[in-house]
């Protein structure tokens, strides 16, 4: 088991991540300190959660480009409600955010499932539609810190056993995903549908419904992140998390989730997100101009996809007996 | 006729339906209808719409994007995609600005802009065709990489002071209200239309998009053609970078931000199948007009850009979803 | 044949577990199943026999809930039921080992066995330890030494097949459908499978065994049902019939009538292949091909014939070996090279590799000849239609119009389009890989007729086929491949079904 | 709801509603377009309120408040093109890029439209005059003074600037640096950029506090950056250790003042700015004044602006807000 792990994508990615952290540490002592690592993790929490949602979708051979818009829209909705009616309990708002996110995800899912429109087209459309709706709701106005209730803002940053609640939520979602992906029929169906949609039918799995479910799950997580984002940064406006959808896809790609579907692990998605998170946090600390960040994440994506493709290359069918064990 | 009933036509006609029927049923006809509708609505909604100068200004809303859209259409028909086009614009524009610092003149700037575009296209092409990587991921990566390099070079600075002869490429008028860019757009539309619809090369693009394996088995040099398409997309991005830079008169790394999505939307709205294998240049031209008119018409009503994007997004999903929805309802499945 | 002696005596009293009545299923252009009936009895093996394209696989899909029939009824234990999804069928106790791999490379062996019906723990979650245990038990039962935790992609093709069998056995099924289960197994594995079938029989399961290998049908089956062109043409006890009768039922006429009479006039050697090798797929393939000759390549599925042909055509690169065409050494680096030199290939997988189904007929036909119908790279539409018409008419293509999409044609007509495509390039050597797979009898005869015509005109033909009658009826010479190597070379005079089968299966002498 | 009305009108594509929209835009009012960097920014919303105030005072003025939704030059160009097409009387723009807008604005001027810039300027050839909210010099001095006032013993300060695409921040920082010799005990350790994005600014502020554990103050001369920095300081439990100051909006900074993360900050009054530029636009559009070096243009209740050699003018000094007056202003803008 251990040697197998050492050969896996996750192990290589973990090694790269540790190497990256140590590299920054040499330039700036204290970066690798546990307290700072906790901060980095907390900072990356939202990316991790979204990457897990996106992973579910990508596993089924789809893609959801509307996640960041979904996040921004649900964030604006809960912030608006909070500003208008501060009495509504935060728990209710969180549930609402998740529910609304799921509805937005379901809209994508239903178009993919019932009308068979390619996911990239659907989510390219909803990417702009959801973002535009925020403007219609807010008329472009921001909702600022002082308009939000104290409880609304306090929840994600409240500390519990030395970790902020935001980090705990990310950890909980990771745990939930380990169970969902590894231990439920739906989780395994993601792999089956993405890996061999044709064959999935034979096992009684509905390809369309499985994809729909993946979109709904991803949407729900985006909704949750909508609340987390606006409360953490204590601001809601139209462009919240603009362009973040590509960061999320990038995290998945770096984490070894195959865009062709059916391949990927929870660990990979988390590590991919953390890799981007560390880069983002390390650059300002290590004194590298933040303008390098974009190029570095771009290069990381290309290297990651090239690397993954190399290990995924199909072997073809081996007919010669002598060759069967050699390869 | 049915094949099962044993009738055997001795003579198989060339076409199943008449040319007229084919035209009426085409996606392009639908787009023409949409375009006419929007044109009428705009004319009605704003007294300023039907003014040659205004219409001329409105063309800037789509000319540069459509140039890239043509090459992107070919690429998507062949089953690939390039999301790095806006990144290429940023990098090409930055290269031109950099060269400007050394006193390079207009011809040199154009050459540099186009060369950088082609080089970026080559980079994408090599990654996709030689290393066999999925283009959607590769170009998400190069999108960040190309723009990232522009950020590294420029940071929060800007290049400006482009010569006036260069400015003509983005701001000049060739004849009355006809801008230089519009001429480039029209010429490219004709060239791409001919290449896609009337040449061996164009035919092979469709074949690859429909079935790359069968294409390979039919002697089509699949990888080579895909490589050429990436180069073309890079070339078009380079040309668009020249036009846009000339129009803006300055280069910043955020230039053409998020254009890739608008361009893909334009191409898909134009009837190009995102799964590859189908589409036409006329469709892309019409989609460009539709999108340009929608944004300009709403602009005249001072509707914010983000609200226009709801229209564009809705149009994109709507025109694809509606026919399928109707089919489903007809079949009684809903 | 003694196996069945005491199993079945009378037809009348037995109650079928599963019964199909008047099932029909159509697709655009073909009627895959036309009013067929079938009964499966507990503790009995029913062999379903029929040529490729007779509707056997469609029936399997109906039985397992993948396809919903257009008409007819399915009865389980005498009660009418409907299989809306694969789960319905599985719940009714029907399980299948499909011909195509319906497995998942990225999942473990245990999961491949249990996907869709995994054991659950108390909280409704998947019970991995139990799943592993059960997998191991099932794998042991079929004598497969495979670790349940291994990823499927790490297994060879034969092992994958065993996993597929294990999957079928993982449900508590009463009806087991086996769609050509021995196609990719070695002789020892086949023997093990036979034992398994016996065991299942003893457990009282009803088995539908699909095969077109008569020896195995007579060895393990109790009953037979024969399909031809989507219709059921005969059924009964195997004890009451003979191989000849079955063949006649299957093809609908005596064998010698099907194939064109030809007296080959062989010319000079056109093509010579020496020492063609590939690291994993074939080894040391060499032969000569003469003008006007039809060279058959026989072997079991997965013997490496298609892989070799694709290397010859330039799709894959060999690790060693030479090709000589018309006395000149040539290098074939890509299909484009091969086509230019005059070697063309009609692939086995028509839908994926041969025809471009979403494009019209004329575009398919002219694709490799675009250079000839264009001037300076510009297409000449009139010229294009002229060329397409010339070759499709020559093949007697039946279509509504030349701009009709190939996907709307029947399998036989699609194949004609693919062949027309290659003839339009005026090749020297044409390789036909399973040229009549999945097409109707009429088209089949037309293709055979045409092949003979081409050879008579001096074209050299290489025909890959897994159908013994076709090999026997068409070939001037036959090369038999087994496990990536040439197992035998047989002249027309030496040809017999037994020799072909023995060479292909690696049996040196009569057992 | 006017906006929503227009959208509905657009949506129906030719429904009867459109007639009313067309009629709405047609009368003899002087139409002044207030083009902002991006819609939804509280600062510009406040400026719009000032503009409307001026319009009401003038009587026959219609304000078209518009701009792109993201801070790009291309977005502004499209907006300006549509304004030219509508033949507005004046365009008053706060530019996302001083150069990129020039060609469009030149075209506007050629077609007889009065073009002025405010807040964030346009290169001189692209406008008739520019109204700076304050002078770079005054702002530069103010922001360092705000930090120094609370550091009697000196200390380390860092600058969290805005997006790279606006010129004014850089000018202010430059002016600030030129007076640093007056504060020998204060060291400016680094300047970072938050791109006017809340999350990026937040991260940059966090990075600053990690890099310089003994940091005493963060100067953020941008309304987005200062809020994000204050939030970061609160989240890092460094209230009292790190003082966040700079330029911000009272409504957005009220919480930070209350928590103590920020002791004071400054801003010019955007309401006044919107008011003033509207007055200037009106005066220029109606030819009551001409934009030339040395000219004096009336700004209604704000007095008058005197143009320098670059045809630029400054409105007034920035105004400092702290706990004594924040409650009064936080509901204003």
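A, B, C and D label the chains in the order they appear, each numbered from 1.
Here is the rule we use: contacts are C-beta pairs under 8 Å (C-beta built on N, C-alpha and C of every residue); 3 or more make two chains touch, one makes a residue touch a chain.
Composition by chain, UniProt nomenclature: A = Rhamnose ABC transporter membrane protein; B = Autoinducer 2 import system permease protein LsrD; C = Rhamnose ABC transporter ATP-binding protein; D = Rhamnose-binding protein.
Given the structure is predicted, the values throughout are model-derived calculations rather than measurements.
More C-beta pairs in contact connect the chains of A-B than those of the other pair, out of A-B and A-C. Distance from the centre of subunit C peaks at D, each centre being the average of the chain's Cα atoms.
With centres defined as mean CA coordinates, subunit B is found 30 Å away from subunit A. If you average the Cα atoms of subunit A and of subunit C, the two centres end up 43 Å apart. Between subunit A and subunit D, the centres computed from C-alpha atoms are 35 Å apart.
Spacing of subunit C relative to subunit D, judged by their CA centroids, is 73 angstrom. Among the residues of subunit D, those in touch with two or more other chains are 3, 7, 39, 69-70, 193. Along subunit A, residues 135-136, 140, 238 each make contact with two or more other chains. Touching two or more other chains at once is no residue of subunit C. Remark: the chains found to touch one another pair up as A-B, A-C, A-D, B-C, B-D. Subunit B contributes residues 1, 3-4, 8-9, 12-16, 194, 198-204, 206-207, 210-211, 213-221, 277-278 to its touches with subunit C in the complex.
Contact residues on subunit B toward subunit D in their complex (touch as defined above): 37-38, 40-41, 44-49, 51, 53-54, 57-58, 60-61, 155-158, 160, 167, 170-171, 244, 247-250, 252-257, 295-307, 311. On the subunit A side of its complex with subunit B, the touching residues are 63, 111, 114-118, 120-122, 124-129, 131-133, 135-136, 140, 238, 243, 246, 249-250, 253, 259-260, 289, 291-302, 305-306, 309, 313. Partner subunit D is touched in their complex by these residues of subunit A: 28, 30-31, 36, 39, 43, 135-136, 138-142, 144-146, 157, 229, 233-235, 237-242, 280-281, 284-285, 287, 290.
Across the interface of their complex, subunit C is touched by residues 179, 182-185, 188-189, 191-192, 195-196, 198-206, 262-263, 315-321, 323-324, 327 of subunit A.
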